[in-house]
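Shared between the two complexes below is chain A, which pairs with chain B and chain C, respectively.
Presenting the complex of A and B:
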């Protein structure tokens, strides 16, 4: 076999292989971001001549900032809950042989459920006189969860779907190594709590951090749950962008694009921050 | 999808703090957390009338499912199926090619290919669609083709990752042995590589299918209401009040087929492993 990796023939063939995969991604991403920037600046209007304007960026900064802050709150809260519950599921699955297998299978089975279904289901569960309120005997003090001021139903939907994802990632990365290390720690006299905090948690840290970044970026840009389960105002970034995008007022287009670009930028910043933190913490590459 | 777990060792069984009752409670809480949102969906799908504060429906009927037996719903199901299949058929081979290229290219270009294939994960889907929509309109792309293109790009990170992790443990010596025994390149591909990568291909295909089958926002923004899929029907049913039966029946119609497909894909594999 003369065609080892790195030989010119292999490299040429690999480039040919890479093109059909890389070109559509570059084309869609490139066209999308370029068109979004141009449209946000009025240089690519739906009708009429192009006219450079920063109105979409500077005109309603208060609303744009509020939408960004709200999106950050929802994504951050959903990420914290997803990571904590996901770790709990993973620890349980690793520790309990029989019941753990059931929890692992149920948890993995929720992963193929689309978010729009999850949002519909959480709506039926948490809405006013929904299933949970009925289960609790219709207490007077039942808070407004769907459409309420704290976005609890939307955050619950993200935490429900994404905790299963976090558990899957953590289990996939530590299931092989954790048993022996826990045995060693137990032999050296570590208590159960110490084994969880000193062995399982540090071992799971890299996969928890990576999945936290993925969950954060995903929830930041996800539309379905905040649209179905949140109040109509204030609006997080995706809801604002989609409303402006679908508006009959064509002047709203540039604002929709500016909103979309802000969420791209916030997501990119979160990914960069995640990479920096991971590198610093563990010399992670 | 479901990771293979090693059975917990004796001391791992005692890893969780607290005694047996606490562990039981934690287990029940976790099962409750996972299943509770699905209980009202199941109940509403077969409920006739169900008024608050009743915890269970007062009568049962199949009106939710019978509301699905319309021409619109059938067309939506067919569109969803085509969309899922279209995305899977596009993104699976592209993911394979990308993963092969990332593996065989020298370090730096290989890294670049990997990064490009992961990049769609970083862009919120609605933002991706909004920008690209103008170009699709100017090129007068049919909505279905536009949605498949954008969703295939969205699904590429998943399919490429599946093949990437399968290739990481792939033993090339099998192919070398086949070649030295006189197999042609195409015979090697068909009889050696294809069976060895069948699992990864099935997983990649499944994930990409899900991206198309369950998509809401891309279909909404590019399809502009012309492309009617099951999630679109669900979105309009769930956003209005008083449609609980239809919402629940539609949810099940969207959840169950992929779960059956997943079971069909994973059960034979786990049975083989046990043999």
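Presenting the complex of A and C:
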């Protein structure tokens, strides 16, 4: 009987070793998703007998679609900014070893700051009576960044925090090999810009893709920053879900669950798309 | 494609540690010079400075008389093949070789056409579409060599590119370098710690030790006429007998051996390569030695002898004998220089 890598015995042992980590995740996810689906369909009501109903899904589809579109906009924009800024930070750290160390340390220090603190700080900085407005001295002309229609303050908060995360993931994945490859590229005639675009960027693509998926899914489901820094209406999915879940109207619970499940579905779709892209990126290598 | 490379008074220090000290060396167009030295002798630092990947503390690098100070690596027109192949993992074989052409703005099609010529030169055109990660060690170094040549460099710098290959693959690579020299005649600076590799590939060898060039000369000269005991040791010489030179004759336990003209009278070491001594019948040689060790090198054997005589303290002489020598441990044998002359150094 074969005992090499990939043999049934080895695979079975690998599965056994993974079970302690995987089982709690599956149990929590399974229970919570099942409960959410049942509650959204009226089969697990807070009070009263179960009664199958699609009202939570079909009753206010317009608002649900608007919330989904808004969440996608915030998550996609924040992800694009985070990935671009994060890659630039990583490239800077690699290109400038001394100053880069300081930038890397600042990035690392950014990550443990909770989003709710970060959102509060961004609010104090960018609100229409905030630090920046007072510094620039333009009370009338200062744009509506907090609570404005483009969710700029919330996206800024995400981009600030998540770009540091992206930079550290990229640095961790390529820092060892990229220096020598850039030296080789330089002796082959590549300028500094060409080295970044033709060597560093392709090498960073797998880690950028992974971190982009993580940032997208996180910002899609994150509540604090959009609740603190966004307008009251329209609402992104997590804000709508939390508001409906905490409503005094217990009949709103199924809608809260339907909203949360849409968020989960969009996140799962993003993860699947990310895996496909990642496979393709790795296929290049 | 060939240019003249000159290092003029080049020094490099990292903090208090001086890695290179006042190195001066000239490589004429189309010639191949090997920088031979042990690990840490500064030879790779010298190549990195030439390639523009490191800056000297003082001194100049000149190509065809032009000082390269301040010229970035990508504008120097020099190509460097590293110890590791360093192929770009996101590109296939042909696109790795086409990399330099793409950097100059050539279209993908034109760059690939240009690259194919160099892949044919290294006999790897069949693997053009293969991923860089799916090559053997020897194939990777061939691709790295083709990639460097495809840049049409003025000077090709080789930083121990074959050190990780097995002996058979190395011999293949030596043949390949000979083919490339015959076809393209590039100026080559080869860094190596392998004296055999240096002797096979280079026209001349510069011996580097602790950041200083001890001697630069043709391959045979360095082997048989070393400037110092250190050069003799680095080139694999096993024999150095202390004695005295008087009137052009070195006297030691090895007897009276004529040495090079111009040697000043006084204490000196006789350096005789192990290949330049013969074992003869006792009485026919200049000295007599007792066999104290036999070490097989495969097709050759090193015979270690303890030599005693009237002209100096006893010493050890090692003789390289083809095949299996007809001697036994403890046997007393006669020893004689092959050319009836030797080479003396004072330090």
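Structure notes:
The definition used in the following text is that the second predicted complex is superposed on the first by the 258 of 285 C-alpha atoms of A that agree within 3 Å, B and C clash if a C-alpha of one lies under 4 Å from a C-alpha of the other, contacts with A are read in each partner's own complex, and residues count from 1 in each chain.
We adopt the following convention: a residue touches a chain if its C-beta (ideal position, glycine included) is under 8 Å from a C-beta of that chain, and two chains touch if they have at least 3 such contacts.
Given the structure is predicted, the values throughout are model-derived calculations rather than measurements.
In the three-chain model built by superposing on chain A, chain B fits alongside chain C with no clash. Of the two partner chains, chain C is the only one that A:202 touches; chain B does not reach it. In the superposed model, A:145 makes contact with neither chain B nor chain C. Working from the superposition on chain A, the chain A vertex angle toward chain B and chain C, CA centres, sits at 80° in steps of 10.
In the superposition on chain A, A:257 contacts chain B only, with no contact to chain C.
Shared-chain residue A:166: touches no atom of chain B or chain C. Using the contact criterion defined above for the overlaid structures, shared-chain residue A:104 touches chain B, although it does not reach chain C.
Of the two partner chains, neither chain B nor chain C is touched by A:75. Of the two partner chains placed by superposition, A:154 touches none, neither chain B nor chain C. In the overlay built on the shared chain, the residue A:238 is in contact with chain B alone; chain C does not reach it. By the touch criterion defined above, A:189 lies against chain C but remains apart from chain B after alignment on the C-alpha atoms of chain A.
Taken over all C-alpha pairs, chain B and chain C come no nearer than 5 Å in the superposed arrangement.
For the contact definition in use here, the residues of chain A common to its chain B contact set and its chain C contact set are 180, 183, 186-187, 191.
The residues of chain B lying in touch with chain A in their complex are 1-18, 23, 26-27, 30-31, 33-41, 43-44, 52-55, 94-95, 97-98, 100-106, 109, 113, 116-117, 119-132, 134-135, 149-150, 152-153, 156, 160, 176, 179, 210, 213-217, 220-221, 231, 234-235, 237-239, 244, 247-248, 250-251, 254-255, 258-259, 262. The residues of chain A lying in touch with chain C in their complex are 180-181, 183-191, 194, 198-199, 202-203, 205, 284-285. On the chain C side of its complex with chain A, the touching residues are 51-53, 72-74, 76, 78-80, 82, 84, 86, 88-91, 99-100, 102-104, 131, 133, 147-148, 151, 157. Across the complex, chain A meets chain B through its residues 1, 5-6, 10-11, 13-15, 17-18, 20-22, 24-26, 28-29, 31-36, 39, 44, 46, 85, 88-89, 91-97, 99-125, 129-135, 137-138, 160, 163-164, 168, 171-172, 175-176, 178-180, 182-183, 186-187, 191-193, 195-196, 200, 214, 217, 220-224, 227-228, 238, 241-242, 245, 256-257, 260-261, 263-264, 267-268, 271.
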